[in-house]
């Protein structure tokens, strides 16, 4: 049979570890900023003025109907023509934030629109402004409702970050590529990287569910 | 250096876009067939089916599509075959689509009330007919919007095939950028073409979803 | 109706939803400290009238004055101001599910009146005791019965120290055995001099506690008077029909 040499790849674990660290860091930053962007645009779409809503909608539709790799290439290769030159890491983070932002907008919007009208009326009857009502009454229950979908989307973005290796961001897929370019163990390198991604996605789901439990659903 | 007009760029991209469409259809149809088989295996509750198919789905949903493409490309090459990027991409995307579709459809079948199954069984219908006459027609209605929506995911997924060298729309974009040094224009056109492909399908899926909710 | 010391002055108010005119010209004066029961068939416009007073609905014609200030829908700041004097209790309680009872009560004073947290906590404790739920300070709405939730909704409204409470069928969504605990709280508020405008089907309660009963029919005030007059000697056939249909 074919001789597989996993050891040659496993020996390179420092490279893989660095790749994991970069992947995790990119995902963490993108998750926080992306969800924040999503909440803002969801507000714009659900309650904003007509043109704020239109801008948000256009943004969402463009991102959701184009591949992430094209968005990444546009930011990294295209923007320099306009004088905006970004490092691979910065371009990756920006692309991931913009990407997650669009998908979270729709996810959060669904949660906002599921808010019972009575909640708005009770808050209004107490004299709370719309902004206050959004922040204190509507937002948390909305996020609670859509948290599972949000968790799945963050994981999708984490897995999508594999593409960032193509612009030399030193994340996990880049590490695997680097290893296989040195020892020609392509299949082994990619199998191991894939298994690490699988473990990462499972761990991330646990972490995000725990975070949700602590900060969103937190009681007692 | 030859000066390229925007029309030159667009023309070349359109030619490459044919391959995007072709690969998308192969993956979607192929994935649909495999997904359907997996679905039936799951519903029939064959021994170990739930766990195996469940693991299959978890693997494809929990790992990057890029890795799946690499593994198909380098993995199949291990067997000594000369695998073209086209073949590897087709295999990888077909399996990817099958995992997602089978999971989407499983949800649709699960949405059918237990009473329908019981009625079909108590009529003495063989399992194959239960599926064909009672369950699938109802599941089909629920399944159409998310399935159509997933086609958009497949089209976007074909863009990754560029990384293993398959010349579709994105790869053509990178190649043309290297030739013309006009990345902003080129990638804008690439994005626009994907948008032109995906947006109508997304809009259609949304319309189907709305129609479905009106009837329920 | 004397208008000299009226707190709420409603003159010629009309309200339509599309083609459907729900309020066909309402004139009503409410004095401070009055307890008014608003009765009538569903669709007679009772809730709509209530909601026009605190701006949740916008009247199409006529004027509404609360404490001398006109209720104008397009002035958001003025409406928010108005709602500090006019509280509302809803049929479906509308408690905020992610906040404890105390937090539900403390939220509006904290945000709108910018009261200090320690003051708020003490106030919340006092209000909860006022409605008989002192021990439910840290409870969440889904841990409470309907009657308890409604009483907390009352405490929440009271936290803003309103001068008027609008009660929109506040016991209609409650199981019968829970109605009493809520009505007891409302009765004690009335005894303490709170101005109350209540849309209600609880006729026995209205008889006992209300100063005035107003019967609405087809978007107009059809009859009004003391409970003894309205329930004892109804003059119009519509009111007679309504009262007999209740099967009291």
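Letters A, B and C mark the chains in the order given here, with residues in each chain numbered from 1 onward.
Please note the rule applied: a residue touches a chain if its C-beta (ideal position, glycine included) is under 8 Å from a C-beta of that chain, and two chains touch if they have at least 3 such contacts.
All of these numbers come straight from a predicted model, not from anything done at the bench.
Peer 1: If each protein chain is taken as a node and each touching pair as an edge, is the resulting graph a line, ring, star, complete or other?
Peer 2: Graph shape, chains as nodes and touching pairs as edges: a line.
Peer 1: State which chain is most central when centres are taken as means of Cα atoms.
Peer 2: A
Peer 1: Compute the distance, rounded to whole Å, between the mean C-alpha positions of subunit A and subunit B.
Peer 2: Averaging C-alpha atoms per chain gives centres 21 Å apart.
Peer 1: Provide the C-alpha centroid distance between subunit A and subunit C, rounded to the nearest whole angstrom.
Peer 2: 47
Peer 1: Taking the mean of the C-alpha atoms as each chain's centre, how many Å separate subunit B from subunit C?
Peer 2: 56
Peer 1: Would you please write down the residue numbers of subunit B that are in contact with two or more other chains?
Peer 2: Correct list: empty.
Peer 1: Can you name the residues of subunit C that touch subunit A in the complex?
Peer 2: Interface residues on the subunit C side: 54-56, 76, 80-81, 83-84, 87-88, 90, 92, 94-98, 100, 107-108, 111-112, 140, 153, 156-157, 160.
Peer 1: What part of subunit A is in contact with subunit B in the complex they form?
Peer 2: Contact set of subunit A toward subunit B: 2, 61-62, 64-71, 73-74, 77-82, 155, 159-163, 166, 173, 180, 186-187, 190-191, 193-194, 197-198, 201-202.
Peer 1: Using the touch rule from the top, collect the residues of subunit A that touch subunit C in their complex.
Peer 2: Within the complex, subunit A contacts subunit C at residues 116, 118-119, 121-129, 132, 136-137, 140-141, 144, 219.
Peer 1: What part of subunit B is in contact with subunit A in the complex they form?
Peer 2: 58-59, 62-68, 70-71, 74-75, 77-79, 152, 156-157, 159-160, 162-163, 170, 173-174, 177, 182-184, 186-188, 190-191, 194-195, 198-199, 202
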